[in-house]
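Heads up, there are several structures right after this.
Each of the two complexes below includes chain A, the first together with chain B, the second together with chain C.
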Partner chain A sequence: MVTNTKEVKALDFDISRSTEEERKLSFKDEFCIGCGICEKVCPVEAIELGDIGAIVRNEADVPKICIDEDKCVLCGMCSVGCPVDALDFTVDGESIKDMDVYPHYVSSAEIDDETCIYCKACETACPREAITIARDLPDRAKLVTGEIEIDKETCIDCGICEEMCPADAITLEHKIPTSADPTVSSDINVDKDKCVYCLICRKVCPVDAIKAVCRTCSYGEYDLDPAAAEIEGSSFIDDDLCVRCGWCQEICPVDAAKVKKPFKGELTIDQDKCTSCGACVDICPCDVLSFPQPEEPGQIVDKVFKDEKYCIYCGACGNVCPVEAITVKRTDVDYTPTKSKSWKNKMESLKT
Partner chain B sequence: MMELKVNQDNCLGCGVCVVACPVNVSISPEVAGGHGPKTEEVVMMVENGVIKLFTDANCTKCGTCQLFCPVDAIWLE
Partner chain C sequence: MPRHIVSGLKYLTAVELVRNGLSQKEVAETLDVDRSTISHYLNGRNLSWSSIEIAETITQMCPKDFLLLTYALLDDLEKTRIMVKTCSKSKWDAIVKDSCIACGICVDTCLMKAIVLENLKARIDSDWCCGCLICRDNCPTNSIEILEVENGY
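Up next is the complex of A and B:
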């Protein structure tokens, strides 16, 4: 007899069929955004969306979805419908997302390393922490040119230059004076890799013991190599975590990030119904929703603020709203063509 | 499905869950002002100084009460 087995690992689980052709559905809870699309597309009602509000907000040890392995027919529809990589369906080890016969969302997020200036704005803004920017900064010493010298005979070891140096380039070897050696410092040195020839030390030295000149100021930048100022780096987007929300694209100052979203739609909030409980704000995977701050006391602001630029129309907010104040409408779903009518119908059914 | 649970031994009777619950507010708007709800259709109420579930069938499991309860007297599991 052919049966399905379920293997549970903490909040994750795998469901597989006991046949020679290995059909396997894997759920990874950490990637699940609680949108409930899987529950809607499942043809046999095997999937039940958990109480996402309570689970996410109180960090409950409960998986966000539950799949009844006795009802599941291992068709893979939930995996195709999942807008993130929380559900993966494989047949003999090959992911349904790599098979051309099945439809897939047309969506992507890319950062062009040629254009990227490695400012890290996207890394900071990404609501899913999916972006890593690695950058190599140039040597400070190669960006400045000058000369500095401390006359150790004149120096009285007061340490004022050390305290004021903005580049931490000056170091005194502080010590307690003894009768044999009645000085407060045994040595003073300038680290020329750190010094930027700002001349602060020369100006503050009470005994004029420091001779320093900035050659850029007096002579120009002729002996500097512009190539030495170039910043190198690389960008990485974790596809498992990325939800194609578009924050990186919006915040990038040089248009290096490009995001293609799978859905188009409309997000409506009924401000009269809203009770400001914050469930939607906590659940939204894209930081679309927030509580607005009044600019002056007494000013009446909206209960919940939305910026639809970042919305992926996943519907998670609408599901958790306890008072039905949020409506998420999907007007367009972009997916690759398929010959199967039933799959096409399912993809079309995502439009609401 | 998760279930709304209360522990009356832990409850301080502060009523924060009653006023925070978005469902309560929409059923009985006066709870937002801190006055006791006027109908038993609300999810929970403080009665004789402790929390008591009334119409927990109305609970949408948003988790707001648990988030605000200072003493683990109300939770979903």
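Up next is the complex of A and C:
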């Protein structure tokens, strides 16, 4: 008889079977959002969703799902059902995500580098920390132009300019005076890469030792190259972590981020049943749920606030709610066509 | 003695292959046996009738027993497949229902290598199916039906 082997690595595990071909299911706990879709789609009831509320809130060292390797038939349905990349299924080393015969969710998240201004708002907002924006800022010296000179003969080494320079461009070589050299500084220098010609040093110098002029103020920007002010950068979305919640799209000031969600649906919270325990707020992978703050003392607010535009209808909140106050309905599932009736039925069964 | 029974099975297969139009040379190659041995077999020499009788009894057992016993005696999957295919007198038709999830357990358990997955569904080659029902018994979704469409006994 053919048997499966299970290999456990901390919270992750692999289940595989090698005969005619090698079939392997890999679970990565860090990507699991606790939605429980895998448990629902498994045709042989081999998957059990753990007590994810307790696991997430206590940061317990327990995997979020458990798969019985003796029951698992390695069909790959859980992997296709997983809305994130927590379950990967490979046949002879090739992920079924790359095989057209298997259905896949139609979902994506992209940032258009042509439009992106690298403001990093998406990076900050992303609830999964899936976005990295790398940016090359221009040389400050190329954005200003002017002249500055310190008359070292007149300078009394008081250090006032050094203290006041907002760009930290002036440095004195401080020292203790000796009888041979009775000065408090051996030298004073201006770093012209840092100086922005704000002229504060000139204005505060008690002995008028500094001569400085800002050419931009007097003559405009004729000797500045506008190209030098351009910001270069690149964006990266980690597909393993991204849950297609849409925060990046909503927060982007220039509409550079586009997100396509796999599910449409409805999220309802019964405010009467809710006990404000916060399990849903903690488990939600998309920061949809939060506790509202009253604007004035005594104002009665909802127990839990939801902003459905970020919801992916994964159902994790409904799984953890101890009083069944949350209902997540999936009305539409967008997936690529498949010739298999059983797989199509399975994808359709995700609609609730 | 197992070796004698194996000879009996080889004899039966050789006779059947010749009846199917193969030359002695081809039979020898298929069964990986000396041409002279095949020649002796076909001329009724070097083989006791009791070995042939036992071998015949094995071929007439239920398909699963025939297959597993032959495999146990030969310990060679390729030859087992050829012998079982050649000596089996029944024809089988397989129906794979739409409930098939393409888990591939049937592919992995089929000793006759008669099953492939196509478009997330198992496809069973009737030419190679020996009716052992191992696939049907292991299918987690009960999606396989094997029907005997011709009985040659």
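In the analysis below, the second predicted complex is superposed on the first by the 351 of 352 C-alpha atoms of A that agree within 3 Å, B and C clash if a C-alpha of one lies under 4 Å from a C-alpha of the other, contacts with A are read in each partner's own complex, and residues count from 1 in each chain.
Definition applied: a contact is a pair of C-beta atoms (placed from the backbone, for glycine too) under 8 Å apart; a residue touches a chain by one contact, two chains touch by 3 or more.
Here the structure is a predicted model, which is why all the values come from computation and not from measurement.
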Clash or fit (per the criteria above) of chain B with chain C on chain A: fit
Partner chain(s) touched by A:A54 [first = chain B, second = chain C, both, neither]: first
Contacts of A:V2 with chain B and chain C, given as first, second, both or neither: second
Chain B versus chain C as contact partner of A:V204, first or second or both or neither: neither
Which of chain B and chain C A:C75 touches, first, second, both or neither: second
Which superposed partner A:V101 touches (first chain B, second chain C, both, neither): second
Contacts of A:P322 with chain B and chain C, given as first, second, both or neither: first
Which superposed partner A:R17 touches (first chain B, second chain C, both, neither): second
CA minimum distance (chain B, chain C), superposed complexes, angstrom: 25
Residues of chain A that lie at the interface with chain B and also at the interface with chain C: none
Contact footprint of chain A on chain C as seen in their complex: 98-105, 107-109, 113, 119-121, 138, 140-141
In the complex with chain B, residue positions of chain A that touch it: 48, 50-51, 53-58, 60, 62, 273, 275, 277-279, 320-323
For the chain B and chain A complex, residues of the former touching the latter: 1-2, 20-23, 25-26, 32, 60-64, 66-67, 75-77
Partner chain C, residues of chain A touching it in the complex: 1-2, 17, 19-21, 23, 43-44, 73-77, 101-102, 338-343, 346
